[in-house]
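Just so it is clear, A, B, C, D and E label the chains in written order, and each chain counts residues from 1 on its own.
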Amino acid sequence: MTAPVISASSLDLTFQTNDGPVHALSDVNLDIGKGDFVSFIGPSGCGKTTFLRCIAGLETQTGGTLSVNGMSPDAARRARAYGYVFQAAGLYPWRTLEGNIRLPLEIMGFSEDEKKARVKRVLELVELAGFEKKFPWQLSGGMQQRASIARALAFDAEILLMDEPFGALDEIVRDHLNEQLLALWARTGKTIAFVTHSITEAVYLSTKIVVMSPRPGRITDVIESPLPKERPLDIRDDPTFIDIAHRVREGLRLGHADD
Amino acid sequence: MRSALPIATVVVVIFAIWTAAVVPMNIHLTADLAGRQDIAVTPETPRERQEVGAISLALQNTSIWGMTYTLDRPNLPSPHQVAAELYKSVFTVAPTSRRSLIYHAWVTLSATLLGFLIGAAAGILLAVGIVYNRTMDKAVMPWAITSQTIPILALAPMVIVMLGSIGVQGLLPKAIISAYLSFFPVVVGMVKGLRSPDHMQLDLLHTYNASGPQAFWKLRLPGSMPYLFASLKIGISASLVGAIVGELPTGARAGFGARMLVGDQYGQPILTWAALFGAAITAALLVAAISLIERKTLGRMGMRMAA
Amino acid sequence: MTAWIIALAIGALGWWINARLAHGASSDSRTVSLAIPVIFGVTIIAMWQVLVTMLDVSAVILPAPSAIASRFVNSIPILFADFVQTIIKGALTGFIIGMVAAFVVAVIADRSPFLTKGILPVGSFMAALPIVGTAPIFVKWYGSDWESKAAVVAVMVFFPILVNTVAGLRDTTAMQRDLMRTYAADYWTTLFKLRLPAALPFIFNGLKIATTLALIGAIVAEFFGSPTVGMGFRISTSVGQLAMDMVWAEIVVAALAGSSFYGAIALLEKRVTFWHPSQR
Amino acid sequence: DGHANDVTLQLQWVTQAQFAGYYVALDKGYYEEEGLNVTILPGGPDIAPPQVLAGGGADIMLNWMPSALAARERGLPVVNIAQPFVSSGLMLTCWKDTGIESVEDFRGKTIGVWFFGNEYPFLSWMSQAGIPTDGGEDGVTVLKQGFNVDPLLNREADCISTMTYNEYGQVLDAGVDPDDLVTFKYEDQGVATLEDGIYALEENLDDPVFVDKMVRFVRASMKGWRYAEENVEEAAAIIMEYDETGAQSEAAQARMMGEIAKLTQGSTGALDIAAYQRTVDTLLAGGSDPVITAEPVGAYTTEITDAALN
Amino acid sequence: MTAPVISASSLDLTFQTNDGPVHALSDVNLDIGKGDFVSFIGPSGCGKTTFLRCIAGLETQTGGTLSVNGMSPDAARRARAYGYVFQAAGLYPWRTLEGNIRLPLEIMGFSEDEKKARVKRVLELVELAGFEKKFPWQLSGGMQQRASIARALAFDAEILLMDEPFGALDEIVRDHLNEQLLALWARTGKTIAFVTHSITEAVYLSTKIVVMSPRPGRITDVIESPLPKERPLDIRDDPTFIDIAHRVREGLRLGHADD
C-alpha cells in the first residue's frame, strides 16, 4: 500500500464556546488510502462534519497531526487539492446551472475553452446535459444535488469530500444517486470521504466504514467492507451486506445514549 | 454591550474628523473677524479671501486656528461647543424652564408619542385590512407608497389650517403630522408579519376548523410580533421627525423644531446643533425603549431574539 | 348633508367596482392590478371634488381637483423647470452621491466586523437627525442652489442604503462562504462572486426607502433657501400667495415623480433579483 | 354668549419685540380691562396668516399690506381695521466692497429676498426701477433668503433683505462694521409699503358684536403699544416671558424694541389714508407684473379705529 | 369487517395552474378500515400529500367520491374527526410545549379542567411529561415532532393523518420514534394514514402499504403486511420484512421514471 492520501493521528479538536469548551474530536486516528471510499457514520454531533472540515482546512485541530497529500490541510486547500460537496446543494440562485459549475473554474483562472469543455464533461458525467441554461430553482432537489457534485468535480481534484450530500433527498432519488456516485467513483478512481446518517448508504457505497460516537467525538469502529467494487442495488439484500449493516447498527447503538 | 468598543471607536473617528473640519469650515469667518480686530491675516481684504479656498486660507493663517473653535456663530461649531451647550441646557437649568432642553424634549416627545400611537394603530388596522381584504390589498398599497413621496412640510400647514378650521388645535395637529410619517413603516412591516405564517400553519388551524378571528388572535397576530417591533422602531424615529416638522407650522413655540428654527434665525448655530443632537439622542432613547419592550414581550412569548 | 351622501355614494360605487375586479377571474392580470388603484384614486378625487364644490370650501384652504388640474395644465413650463431643478439636479445627484458613498463605506466596514459593529448603531443615530435641522446647515455650507439640496439628499439616503448593504453583505450562509474557501478564493473574488449578488435584495430594499427620502429631502431643503425656481420654492411661495392650486400641482408632480422613481427601482429590482424567492 | 369676548390673533412671525404691543396689552391686563379674552398665536416660517384666517383658526391677523391686498385679489376678502406701524422697517443691506452705491448698481448682483408673501415690496420696487429679476447681465439674481443673514455673511449674496429692527442688528452682531455696509431703506427709496397692520375678514365686520369686540381690542392694543414704546426694557422682559423657546436674548429683544418703537411712533392705530394710497400705487406700478391689478375697494375700514379713539 | 373509516373510489384531482392543469390524483380506489395503519409511499410529486389533504378536507376532489366516517371529508373536518401531523413539527415558537398542545383544545372550547387533564395525558403518552414549560426551540427535533403528535392526539380524534412526520429527523432518532408510534397505535387503536419516503419505515409500521406513482398520481400496488402487531426493531432483519421491503422497492422502481 502506498502512502495514505489523508492521515490523521491523535487528532483533537475543542471548540471554545460561550458555554465552555466543546470537545468535538478526541484522539482520532485514521488513514485513508488513494482510491478509497470512506464513509463516516454516527449520531448527530459526533464530529463527522468537524472531521471533514479539518481535512478541508476549514477548521484547525487543537491537537495531533493531520496531513492531506503529504501537506497540511490548509496548504492542500490553497493547492485546491479537493472538491467539497455540502449537505444542501448550495447552488447560487442567480447563476444558471452552467454558471454555477463555471464558478470554481473562473476563480481558478481556467481559459475560456477549458471552462467550456469541463462544464460539458462534468454535466455529462452527472447526466445533466441539456439543463445548462436552467436556474437551480427550476430543478428538482436531486438534480440540484447532482449539479453540486458536478461543481466539485469540475476542477478535477483528486479528493472528494462529501458531507451528507444526499441527506435532504428522498430514499428513491437517493438510491439512484448512490448508484451514479459509485459509477463515477469507479470511472475516476478518486478518493472519497463521505458523511452520512444512513446505514444502508454507508454500507452500499464504502470500502471502509468509520463509526463515530459523541461526547467527545471519537472513532468507535472501522469496518473494512468485503463487498466487491461492482455493486448493483440488489446487493443490499445480500447476507454479507445485511451482516455489515448489522455490525454498523450495533456500533451505532453502543455509542448512542438517547435522542 | 460587546459593541461598546467598536461604537466608541467609530464615534472617536467621527469626532476627530469633525474637529479637524472645524478649521477650514470656519476659516473665512474667522479671518474676517480677525481682520476687523486688526490681527494680521493674508490675504488682507475679505474680497480677496473669498477667492481663496478654505484649506489654503487655513494654511496661510495658522495663527488664527484657535479662534475657529470659539466663534459665536460658526459655520461648524466645534464638538466641545455643542457638548457645552448640551450640558448647559440639560444639566444647569431646571427641567421645567424654557431654557432647558429637557423641557423642549418633553414638548416634542408628547406630540411624538401621541402621533406614534395614532400612526401605529392606523398602520396596524390598515395592515389587517390589507391582509384580510383583497380589494384593499390591491387598491391601497400603491397609494400608501405614493403618500410617502409627498413632502410632509408642504402638507403640514394645510393640515394645521384644516384642523384649525374645525376647531382642533394644540397637540393633536402635530401628532397627526407625526402619525402621517410613522404609519407607513408599520403598515409595511405588519403586512409582512401577518402574512408570515406559512401554509402549513394555516392548514393546521383549518384542520381544527378554527374560525377567522381564532386564526387571527392565535396565529397571525402573535406570529407578526417580531415584524411589528422591527417596524415600530423605524416608525418611532419617523414619528419624532414628524413631530419636529409639525412644530414649524404651529407657531414654533417650543420643542426641538422651535429651537432649531430660532437658533437658525437669530444667528445661534450652536443652539441649532444642540437641538439637533438632542433630537437624535431622543430618537435613540425611544428606539432603545422599544427594543426593551420588544425583548420583554418576545421573551415572555418565548421567542428568541435574533441576536 | 346631501354633499356627504353623494360623496359616500361615489365612494361606495368605486369600492364596489374594485371589489368586483379584485375578486374577479382575471384579478391577477397586469391591467386589473393597475386598474384597481387607479379606480381607487379616481374615486377619492371624485369625492373630494363633490365635497369641495358642494360644501363651498374656500380655494385658499383646499382647492377642487378640477382647479388643480387646470393649474397643472396651464403651468407645465414652470412645473417642468421646478422638476428639473429639484428632482434632477437636487434629488437625483444627491441620491447617486449618497448611494455611491454608502456602497464604498459598506465595503470598507464589511472588511472588519469591528467596524461594522461600530458603524451600524452610529449610522442609525445619524439617520435620526431630522431634516428640519440639517437642511439649514447644508444651505449655509453649500449655498442656496441645488448643491446644498444634493448634500441634504445624499446624507438622508446614505444611512438606509449603508445599513441595508452591510446587512446584505453579511447575508450569506456559512456554507456559501465555506464553499468559496474550499476554492481558496480571495476577499475580492468572494465579494464580487458571492456576497454582492447575495446582498442585492437587501440593497434594493435600501434603495426603495431612499427614493422617497430623496424626494422629500430635496423639496424640503428648498424651504430654507433656494434660487427662485424649484418645487420647494414654488410650494412655500405659493402658500404665501394663497395659490393653493399651484401647491397641489407641485404635490402632484412630487407624487408622480416619486412613484415613478420608486417604480423604476422596483422594476430594476425585479430584473436584477429575479432569482430571489420574493420575486418568483 | 361667552365667545363674544374671545379674540384670537395670528402673528406673522415667532414671538419677538415686533409684536410687543400685543404682548404688553396681554401681560398688563389691558385686554382684560376691556373684557376681552385674547389668545396670541405666534407665526413661523410655514404659516400664512391669511390662510389661518380663512380657515377660521384666528379672528384677526397681522400682515404686511402687500400680502393682504394680494390675498384680497385672490378672493380672500381681508380688511385692514387698524395700522399700528406707520413706517416701514424693511431695507436691503449690501456689502460696500461690492461697489453698490445706488439702485442701478444692483444689476448683475445677487440679492436675497424673503418670499412667502413678503416678496411683493421688492418686486414692485425693481419693476419701478426697471430692473429685471430673472438673473442675467443687467438684471438681479434673486435668492430666496432663508430665515437668517448667512447669505450675506458667507457672501453668497451681495445684498440681503433685513428689517431695521432685527436682521440688520444680527449682521452687526456677527462682528460686521456698519461702515462696511450700504443700506437701502424702502422708506428712503419712496417704495415703502405698510407693514404690520391688523386685518379681519370682511364678512365678520357686518356683525356689530364682532365690531365692538375689535374696537375694544384695538383700543387695548394701542395702549399696549404706547406702554411698550415708553418702557423698552420692560417690554423686552415681557417678550422674554412669552417666548416659549427660551432661546431669545433679552439684549437683542431690547434693541429690537427700540427700533420697533421708531416704526410705531405717533400711530394712533388709525390707517393713514395717504400712506395706504402710496402703498396701493406702489403695488399697482409693478409694470408688466404688478402685485395687484386693480385699485382695491373696501380693503380698509376706519370705523373701528374711529370708535376706538373716541 | 366493518364499514371502512375512509373510503375513496375513482378519486380524481386536477389542479388548475398557470402552466396548465396538473393531474395530481387519478382513479384512486382505497378503503381504510378501523384501526388500520396505512402507509403511503412513492416518489416525490406522486400525490401522497394531495391524497392526505383530500381526506382532511383541505383539498376537494374534482372527480370520484371520498367519505370519511361515512360523511364528506369537509363535514368530517368540521366534526374534527382527525388529527393531522405535518412534516415539520410546526409548533408555535411563542407557546410553551403545553401551550402548543392546548391550542386545539382552546379552539374547540374544552373546559379548563379538561384541557389540563388532556395535556397531561398526551404528554405522558409521547413521553414528554416534565417538559410542559419548555419552548419548542429548547427541545431537540425529535422531541418537537413528538409534541406535534401529542397536539394531534389531544382532542382524541379517531383518525390520525401523518404527512412525513419524521422526514426531517436522522435515522437513529427516527427508529426510536417509530417504535414509540407503534406502541401508541397499539395502545389507542387509532386509524392511521401515514406518508413516508422510507421503505424501512413503511414496512416497519404498517398493516397496509400503498405504493403510488406519479404523472398522474395513482396507486400501483397495495401490500397487506403479514407482520405481527408486536414489532421489535430487530424485525427489520427478519426475512419476511426484507421480502416485503423488496416488493415495495420493486413497486417503486416500476413507477419511477428518472431522477
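Of note:
Here is the rule we go by: a contact is a pair of C-beta atoms (placed from the backbone, for glycine too) under 8 Å apart; a residue touches a chain by one contact, two chains touch by 3 or more.
Keep in mind the model is a prediction, meaning the values are calculated, not measured.
Common neighbours of subunit C and subunit D, by the contact definition above: B. Rounded to a whole number, the gap between the C-alpha centres of subunit B and subunit D is 34 angstrom.
If each chain is reduced to the centroid of its CA atoms, subunit B and subunit E end up 54 Å from each other. Separation between the centroids of subunit D and subunit E, computed from CA atoms only, is 84 Å. Subunit A and subunit C have Cα centroids lying 49 Å from one another. In subunit B, the positions touching at least two other chains are 75, 153, 157, 161-162, 165, 248, 261, 264. Residue positions of subunit D with contacts to 2 or more other chains are 45-46, 48, 51, 54-55, 146-148, 154. Pairs of chains meeting the touch criterion: A-C, A-E, B-C, B-D, B-E, C-D. Those residues of subunit B that touch subunit C in the shared complex are 2-3, 5-11, 14, 25, 75-76, 134-135, 137-143, 145-146, 148-155, 157-158, 161-162, 165, 237, 240-241, 244-245, 248, 256-257, 260-261, 264, 269, 272-273, 275-276, 279-280, 283-284, 287. Looking at the complex, you find that subunit A touches subunit C at residues 53, 56-58, 77-80, 82-84, 86-88, 90, 92-94, 103-104, 106-108, 135, 137.
Contact residues on subunit C toward subunit A in their complex (touch as defined above): 173, 175-176, 178-185, 189, 193-194, 197-198, 200, 273, 275-277, 280. Those residues of subunit A that touch subunit E in the complex are listed here as 43-44, 140-143, 170-173, 176, 197-199, 237, 242, 246, 252, 256, 258-259. Listed in rising order, the residues of subunit D touching subunit B in the complex are 11, 14-15, 41-48, 51-52, 54-57, 95, 97, 146-149, 153-155, 170, 173-177, 243-249, 252.
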